[in-house]
Each structure stands twice: as C-alpha cells, then as structure tokens.
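Take a look at these structures.
Presented sequentially are two complexes of chain A, the first with chain B as partner and the second with chain C.
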Partner chain A sequence: MKTIITIVRKEFQQILRDKGMLRMIVAVPIIQLFIFAYAVTTDLKNVKLAYVDHDRTSESRQLVDAFFTSGYFTSVGMAENQTKLMSWLMEGKADITLNIPIGYAEGIVRGNVSDVGLIVDGQNSSLSGRGRGYAEAIIRTEAAKLMENKRLEHPELETKMHRIVPVTRYYYNPELESKKYMVPAIVVLLISIISGMLTGMAVVKEKEVGTLEQLMVTPITPMQFIAGKTIPFIFIAFFELAFASLIAIFFFKIPFEGSVLLMIAAAILYLQVTLGAGLLASTVSQIQQQAMFTVWFFLLFGILMSGFFYPVENMPKWIYMLTYLNPVRHFMEIMRGIFLKGVTFSDIIPQFALLFGLGTLIFGTAVIKFRKMND
Partner chain B sequence: MTLNHSHSSNLAVVAKDLTRCFGNFTAVDNLQLEVSRGEIFGFLGANGAGKTTAIRMFCGLLKPTSGEAWVDGLPISRDSEKIKRRIGYMSQRFSLYDDLLIEENANFFGGVYGLSKKEIELRIAEQFERLGLTKQKRTLTSELPLGFKQRLALACAMMHRPRLLFLDEPTGGVDPIARREFWDLIYETAEDGATVFVTTHYMDEAEYCSRVSIMKDGKIVALGVPAELKRKHGTQTMEDLFLKLVGVSGESGESVE
Partner chain C sequence: MRRILAVARKETRHILRDPRSLAVAIAMPLIMVVLYGYAIDMELKRLTVAFLDLDRTPASSELQMEITSSNFITPVQAIPNRSEIESGFRRGMFRAVVVIPEGYSEKLATSLESPVQILIDGADGSTAAVVDNYLNAAIARINRKLASEAFGVETLPIEARTRILFNPQLISAHFVVPGLVALVLVMICALLTSIAIARERETGTLEQMLTSPVAPAQVIVGKVLPYIVIGAIDAALILAVGRFVFDVPMNGSWFVLAGYTILYIIISLGLGLLISTFAKTQQVAMIAALMGTLLPTLILSGFLFATSSMPFMLRQISKLIPATYYLRIIRGLMLKGQLWFPFETVALVTLGTVILSVAIFRFKERLD
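Coming up: the complex of A and B.
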C-alpha cells in the first residue's frame, strides 16, 4: 500500500509539472464541449426559404410571416413567379420554396385548404426531410388558426369544418434539441480520451525513457505498478466528469434528472474499460505516440458504434448485434439516461451488467498481458 | 542447490553454467563466475559480448535459459523478489525521472524500497552531501549535467543501502574528470562494505577494479587481478590486453588493415 502511494504521489508530481498535460486536462473538455455542442448540432436553423405570393391577402401574408417568425427559416426574398422560384432553387439560393396560389384565403373561408406548393431541395436528406416537416406544420397551424376564426364567426359551419390535427409529442427532450442529446455523450467521449490515452501514454513513457526497467529491479510488483499508474487517472477522470457535467448543467442548461451516485458507479465500471485499454495499448507500444494512436484507433470504433452520432438501431442487423460488445455504447446509454431521463438502477441493469463484464474482461486481459511483458 | 555454495557466505555473486538464449543466439554461454564480498569487480567485454544480459539475469530482469546464479546467497530462479531488496542497479541508460526534482527522485526510490519518511530524509541528507548534490536538491533533474545525473542515479540506487551494487556502464558519455570523480565514489562505496559489480568500456577504469573478467561471445576468456592478467598475457595496459583477447573478431577488428 505504501508503495502504491509512493507511485501515485510521484505520478501527480509529474502531471502537475507537465504544462501540456495540465492544458489537456483543463482545456480539452472545454474546447470539446463547446465545439461539439455547437457544431455537431442536428437542429434545423436558417433554412433558406423563397416564396411567391399569388394570393396577396392578409391571410397569405400571415402565412409568410409565420414562416419567418418561426426561427427555422430565413428569407431569400419574394419571387414574382414560379419560374424565378425554381431558378433560385436550382442555384442553391433557396433550400425550400413556397408557392401560395390565388384563392388561398378564399379556400379556407370555404372550409378547405387549397394546395400550397412546397418544393424542397432534396440533396441534404436530413435538412430537406425536417425542413419539409416544419414547413408543413406551419402551414397546417396557420390553416387551423384561420379556420378557428371562421368557426367563431360562422358557428353554423361547425360540422363542416371539423378536422383532427395529429399532434406528436416528444418526451425527455421535448424540443428535440440535439444539444441535450449530444452534451452528455461528449462527457463520455471526454473521459474516454483523457483516461484511456493518458494512462497509455504515462505507462509507455516509463518504457520509453527506461525507468520501467529501473522499477523492475526494485521490489515494486507489477500489480503495485499498475495500481500506482492508474489511480491518478481515476482521480483525473472523475475531476473531468465533474467539470464537464457542471459545464453541461450550468452552461448548456442540460437537465440532470438522475442520481449522481448512479453516475459515479457507472463511471467506475467504465473506467475499467478505458484504463484497461490504455494499459493494453502500452503493452504493444514502444513510444507514446504509438500508445496514443492505438487507444485512439479503438476509441474511434467504440464511439462510431456507440450511438454517439447515429442511433445504433439504424445500423445493419449484424453491426447492431456487435454494438452489444461495445462498452462505449452502454456507458453512453447510461449517461444519456441519467442526464435526460433520470433512469434508476433497475432501468439499466443490462447495460450495467454488460459494462461490468466487458470492463473486467478488458482490464483483466491488460493486467495479464502487462505481467507477461515484464517476465 | 545451496549445497555447493553453503560455504559461500562471503560470495556476493556466483554463476554456475548460467546460459541465456534469444532464439538461436546464445547471449550468455555457460557462464562460471564467483565474486567475493567487498570486491570491485570489473565485468568487461565488447558490445554484444553478453555483459548486460548477464547483469539483467543477476538483477532478476531476465530468466536464465539454463543454469543458476546466486546473488547474496539467494538463487535467482526462486528468490528474485528478495534479491531486489538487497541490490542496487544502475543501467547504462539514464533512467530516472527527468521531470522530477532531484530530491523527488530520491524520495521516490526511497519510498519504493519501503524506507520510512525519516530514513529517507536521513539518507538524502548524507548521500547528497557525499555526492555533492545538496545544493541542487530543488533542481529539475533534466537540468542537471550528465555527470551529476549519474551521481543522482547512484544515490537513488543506494537509498536502501544495498549490499551489492550492479553498475552497467555507469560512466558512458561522461568527461574524464567526471568519470574520475565517479570512480572515487565507487571506491568509497566499496570501502563501506558493499560489493560493486561494474561493466565498462573504458579500459583505464578496468585498472581501478580489484578483479576483472573479460567476456567474448557469451563466454569469459580471462579472469583475475588486472596486474596479473597483464603479466600473464605480456601486455603493458588493460587496453592492449583487451584488444589482444577480444579485439580481433570484436568491433575494433573491422578497421584493421
């Protein structure tokens, strides 16, 4: 025990003296959180809309206003005819065009919605799909509003105008803000990188400069060495977790619905994975860069197949099955669940069990390989 | 196993048929060796002769392919953990932490060998005084000149007062004055009762040893007191002796016209 403390203390002395390391520990989380949270947004904003208004009534103008006050669309301008509209779409000046036909207001008064023409640039499927959805919703809402007014004016038309408007509601992230979904995932990314890479690099550094050999002629056992080398990074990972979570909660206003204790428990299981990966990388690497790239290589797979960007459910079946073996996926699900849904332990027992199993496997293999290396 | 060497309480290192192979290559070939306590034993040989491999086996860093060796009376095949507590080791590569203060390095190695805080303080004070490091206590190790780094490495290897010190080319790359000073330290250490087992490339250093062995291709080709060896082979200096025994097929052989 005393030996382990000696190693841990030495490790902290080195870390605190290393300006680059300190920068990495403090600056990387901030930079990543901000860049990812803002850049990897899948929210719809600033869709370029061009329109032509043949109706020229107050109702048609209301519809146009509704688009631009929604916050999702920016105006490219009003065209004089459909041809002009099409050319703007072709040139890429507009993403979506709106054509309000003559008789739009009349039609609503008569109780039916005339055909409002929407043409969508389909090159970017996610933008066009959701852009269209938003546009249709605005048109429907406007129509409903107008009809409601008419109904109040002419109660006798009541039965004729009765319609059912479907409403979809999203739970947990009601505004479907990608930020809320992304930020907890970035916290996962962060502690993976910090704990995995730094551990790998710190162990290989000893190999690189020859101190590992010096330690092997001292009474330090491989287990003491592993403990001494990984414990500092457990502290740092938790510092990172707390730091990033606080930014997430207080700056990005991400809800934190779940239990801190559950998060800590999950993080401990997950650290087995990342520290094990770092240690494994160190057994096959001779220099720090090698260790860094080895960790990064596996981490990249883990992240891509974790549901970080794309839901794992959308992947081909056999890849989807493989993601069960991906510890990053389970931790990602746990973290998103704790932040956004307030899951309790009983909700995530399978993820916990898999994380525990995979973590033990990875860390165990790392320890065995490390001991063999020093034989 | 101890029967042969139960009488050997005054032997610091014993090797019997010690062999180590790497694939087809036999780095150490049936090595026989006895080193007495308190000796400064020079372990000489050209590059690749097997010196470092032998030392690494004595220190428990490598397992022998066959044969056995005893360090401080303990067999290396079974007691390498106990041996590690009794020896100090300084490798040919400077292997302390460059990013620690020199005091922190000494502290760390003291801790690793299980010394108490008080013992460490005491050891640092007396060792640093002896090695002339006291003034630089709070210096970053990377800022020390190589000669001082080697003194620090020696200090760290001796924090736990080992009975046996293995020095693998401790003076490589150091200027003659620093080498001379380092050897004064080695003498002092031996006078305090420790055995020093040292490899070197510098033949003038070999003259300072109480006994030397010369290794070639994994085998010892000469063993004895420097003066006697020179007389026996009819050479003036250790350098000539070394060239005579090793040089022809060794690294220096290439440049021979």
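Coming up: the complex of A and C.
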C-alpha cells in the first residue's frame, strides 16, 4: 500500500510540474466544452427560404407570412419566377423554395384544391428532412384553418365533420434545445479523452525514457505500478467530471435531475474502460505518439457508435447490435439520463451491468497484457 | 528535380517502413468512410410509440391501428396507466406515448373535436421534433380521411407538392461521404506532414539535410510530395467506396473535382507546413494540428453541423476554414451538378495564398 502511495505521489509531482500537461488538463477541456456546446448543434434555425408568389392575394401573403413567423425560416427574398428559384437552389442561396401558383386563393374559395410547390435542397439529409417536415406542417396548419372557416360557413355539415386534435407535450427539454442533450455527452467525451490518453501516454513515457525497466527491477510489482499509475488519473478524471458538470449546470443551465452518487458510481465503472484502454494502448506502443493515436482511434469508434450525434436506432441493424458492446454508448446514456431525466438505478440496470462487464473485460485484459509484457 | 525526387524517395521509405503510419494513412480513411457512411444516419427509421388507451373501445383501437399503419412508427407494448409513462421514458423504452382519453369514442359520435394527448421524450430535441412531425402527420392523415367522409373531398384545401432536389431519398451517406474527403485530406496533408517535419527537426536531421547541397525549397517539396500522393490515393479510395458501396452520384465533372482537390491538398499542406514552423516537437505539432486543423474541419466547416445554426462568432471562424469552401464545391459537384463556383474559388485561392506565403516566410526565417 505504501509503495502505491509513493508512486501516486511521484506521478502527481510529475504531472503538476509539467506546464503543458496542466494546460491539457484544465484549459483544453474548457475550450472544447465551450466550442463543442455551441457548434455541435442539430437545431434547425435560419433555413433559407425563397418564394415566388404568382397569386399576390391576401390569402397567398398569409401563407408566406406563416412561414416567416414560424421562426425556422429566414427570407432570402421573393423571386419573379420558378427558374430564378431553381438557380437560387443551385447556387446555394436558398435551402427551400415555395411556389404559390396563380389561382391559389380562387381555388380555395371555390372549394378546389390548391397546390403549392415546395422544392427542398436535399443535400444535408437531416436538415432537409426536418425542414421539409416543418414546411409541410405549416401548410397543413394553414389548410386546417381554411377548413375551419368552411365549417363555420356550412353549419349543416357541422355534425358530420369530426377532427382529432393532437395536444403535444415534451418531457425533459420542452424547448427542444440540442444544447441540453449535447452538453452532458460532451462531458463524457472530455473525461474519456483525458483519462484514456493521459494514462496511455504516461506509461509509454516511462518506456520511452527507459524508467519503466528501472521500475520493474525494483521490488514494485506490476500491479502496484498499475495502481500507482492509474490512481492519479482517476483523481484527475473526477476533477474534470466535477468541473465540467459545474460549467454545464451553472453556465449552460443544463438541468441536473438525478443523483450525484449514481453519477459517481457510473463514472467509476466507466473509468475502468478508459484507464484500461489507455493501459492497453501503452502495451502496444513504443512512443507516446503511437499511444495517443491508438487511444484516439478507438475513442473515435466509440464516439461515432455511441449515439452522440444521432440516435443509435437509426443505424443499420448489424451496427446497432454492435453498439451494445460500446461502453461509451452506455455511459453516455447514463449521463444524459442523470442530467435530464433524473434516472434512478433501477432504470439503468442494463447499462450498468454492461458497463461493468465491458469495463472488467477491458481493464482485466490490459492488466494481463501489461504483466506479460514486463515478464 | 533529381534532388527533390531523392528527398521524396527517402520520405516514402520512411513511411513504408513504419507499418503503423501507413495504416493511419491508408486504412484509417477506409475505415472512416465505411463507419461514417453507415453509422451517421440522421434519419429516424424506427419510431417507438406506446399507447395508453384509457377509452378501451373499438374506436380507440382503430385509432391506434391508424397511427401505427404509418411507416416508421413501431408500437411497443401498451402501458396500463400514467405512472408508467415517465419510467418508460427514463428506460428509453419508447420515444413517445399517445394517450387516448376516456370518452374518446363517445366524443367521436357527439362532439366536433376529440383531443388526443401526445407525450414526447424531448431530451434529444432534434429527434423529438422529428417524432412530433411523424405523429402529427399520421393524425393529419386520419383527419383528412374523416373530412373526406364528411365532404366527399379527398384532400385538404391546400396541398403541398414537395420535390427534393440533389439527394431525393435524403440518404445521409450521400451527404457525409463527399465531406469525408475534406476531412481526410486535412488529416493526411496537415497532420502527417507537420509531424514528419517536426520529427526531422526533433532528431536534428532537418539541419543535416539543409547543410547538404539540397536547397531548402527542394527539401520541402521533396518531403511533401509523398503526402500529396497519399492524399490523392485516399481521396480516390474514399470516392470509390462512396460510388460503389454507397452509390453517391457524380452529377458534375470528375475533372473539375480533381482540379479543386489538388488546390485543397496544396492549401492543407501549407497548413501543415505552417504548424511545423511553430512546433519544435512532434507532440506539439500533433496537438496543434489536431486543435488547429482537424477539429475545426470536423465541427466548424459544415461537415456535419450546419453553420447556419451556430452563434455569430463561430460562423465567422468557419469562414476562415478552407474546408468550408471545399465542402461546398465537392458536394455541389457531386450532388448538385454545379460546375461554377466563383465565390468559393476566390475564397479558397485567397486563403491558400495567405497560408502558403506565411508558411514559406516563416519557414525561411527559421532557417536563417
């Protein structure tokens, strides 16, 4: 035990003495947290809408206004004809175009159907899909309003016409801000990078300068060495977690509904994964750069398949099944749940169990490989 | 020329000898394209919905059937009471609950409107918005049917005729794969070159080379030449996978694309060179390249996240990133069939000139 404490103390001294290291622990995560929180947004805002109004009636203007008061669209102007709209789409000046034909208002008055043309730039499939959904919803709402008027004009139809009215309520994030969902995930990202990369690099550094061999000829056992090397990074990771969570709560106003204890428990299980990964990377690397690359490579996999950006259910079935083996996914779900939904232990037993199993597997493999390497 | 080739040959040998750096240069982009192509699917394909049917009549079951008959909407086990809603959300068992209130069928017969409650897990805001859209569209369809029964008209007074251009099936891979070319070229050209030059500096071999009869310019050109080739190979590989695995179309011209890609490779190399003039060690070069080029390209260029939704400051930064313009060009060419990019060309050339001249100036200065 005393030996472990000595190594821990030595390691701490080494970290605190290194200005670059300190910067990486404190400054880099803050910068990342801020830039990511603002940049990694899946919100739909400022969709560029161009329109052509051939009808020029109060009804057609009402439809155009409905678009701009919705808050999703910004106007890039009225075009004189369809050709112009198409060229704006081609040049990227407009994302969506609306074409109101001649006779639009008359058709409504006569009880015919008036077609309205929407053309969507489909390049960015996610934004286009949602932009299209909003645009069609606006048109539907307009149509419903007109139906309502019709109903008032024809009281005899009244009893026959029935309507189902959806009343929507959002739980946890009523304004549907993507920031609320992303920031807890960014916290996961930060502690993964810090704990995984730094551990890997710290061990390889000893290898690089040859002190690892020296340590191995001392009475220190590999287990003590591993404990001494990883414990400082457990502290640093927890410091990072607390620090980033506080910024999330007080600066970004992310609600924290769950229990701190549950978060700490989950973090301990997750650190087994990242520290294990760092250690594992150190066994296959000769220089720090390789360790860094190796950790980064696996982390990239983990992040991409975690549902960080888009729900994992969207993925093809076989990739979706693979994501169950991804510890990043489970920890991210736990953290998002704790922050936003106030999940309790019984809600996330599957995630906990998988995280525990995967963590033990990764850390165990790392320890075995590390001991073999030093024999 | 012979000297340049000699330096290039030496650098190529360096790369080939280290299997790991070769893996980074060739295998990583391939893995990335497959992974990004499949894993970044932005379209919600399966929307899990639970029903809380408080009415329990044939009419309410029919409503359930109507809603779930829509594509994408997958019903999960019905829930018995309201208290199960939140715990289901917390466990992620479904994304939305449709509550059919008591007396639904009665209202259907007697009154004009019957409310139905839709409760959505809003934690993931943008997915929640899509969920809302799907469910509302399903109910609008039902209403339309009811209206047609009353009026004998099939449709609402206004119909949207929607056409989607450039990516009609809204396939994510068609958006993501061309973007990857921009990302990988920065990775190879800026990251690997800056590390390679910093390594020579670290080990002192750069100075040795400069004292030889090889001119500094020849050293630089010779050193970056293999990376140009690797970058071009990577771009070709990604585009080939995009074409044959993900069916990404090419509506423009390969020839124009090649031209802009060469321009973009040169700019990326300039960035790598610039970073290497600041970095004394490989470590610093790597972190600077990651922070200064790869990360901004990943998140601020419009590769995945629309810059239009970002705050003003970040939108300004994105205008200084070469990838922002290259992305528009490659997507414009492949998806739109656009061939004329006056603004993007001017921006790229300007950025490239500034980056390269500063890099060369600083490199010379450091040698003196």
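Rule of thumb we're sticking to: the second predicted complex is superposed on the first by the 279 of 375 C-alpha atoms of A that agree within 3 Å, B and C clash if a C-alpha of one lies under 4 Å from a C-alpha of the other, contacts with A are read in each partner's own complex, and residues count from 1 in each chain.
We adopt the following convention: contacts are C-beta pairs under 8 Å (C-beta built on N, C-alpha and C of every residue); 3 or more make two chains touch, one makes a residue touch a chain.
Owing to the predicted nature of the structure, the values given are computational and were not obtained by experimental measurement.
Of the two partner chains placed around the shared chain by superposition, chain C is the only one that A:R132 touches, whereas chain B remains out of contact. Looking at the shared chain after the overlay, A:E213 reaches chain B, while chain C stays out of its contact range. Residue contacts after overlaying the shared chain place A:P316 against chain C, while chain B stays out of touching range. Taking chain B and chain C in turn and counting the residues of chain A each one touches, the greater count comes from C. In the superposed model, A:Q13 lies in contact with chain B only, and not with chain C. Of the two partner chains placed around the shared chain by superposition, chain B is the only one that A:K2 touches, whereas chain C remains out of contact. Looking at chain A, you'll find no residue that touches chain B in one structure and chain C in the other. On chain A, the positions that touch chain B within their shared complex are 2-3, 5-7, 9-10, 13-14, 17-18, 209-211, 213-221, 375.
Listed in rising order, the residues of chain B touching chain A in the complex are 59-61, 63, 81, 84-85, 87, 89, 91, 93-100, 104, 108-109, 111-114, 140.
Residue ranges of chain A in contact with chain C, taken from their complex: 24, 28, 35-36, 38-48, 63, 89-92, 104, 107-108, 111, 113-130, 132-137, 139-140, 142-144, 146-147, 150, 157-158, 160-178, 180-181, 288-290, 292-293, 297, 301, 304-305, 309-311, 313-316, 319, 333, 336-337, 340-344, 347-348. Residues of chain C touching chain A in their complex: 20, 24, 28, 35-36, 38-46, 48, 63, 86-87, 89-92, 108, 111-130, 132-133, 135-137, 139-140, 142-143, 146-147, 149-151, 153, 155-172, 174-175, 195, 282-283, 286-287, 291, 299-300, 304-306, 308-311, 314, 328, 331-332, 335-336, 338.
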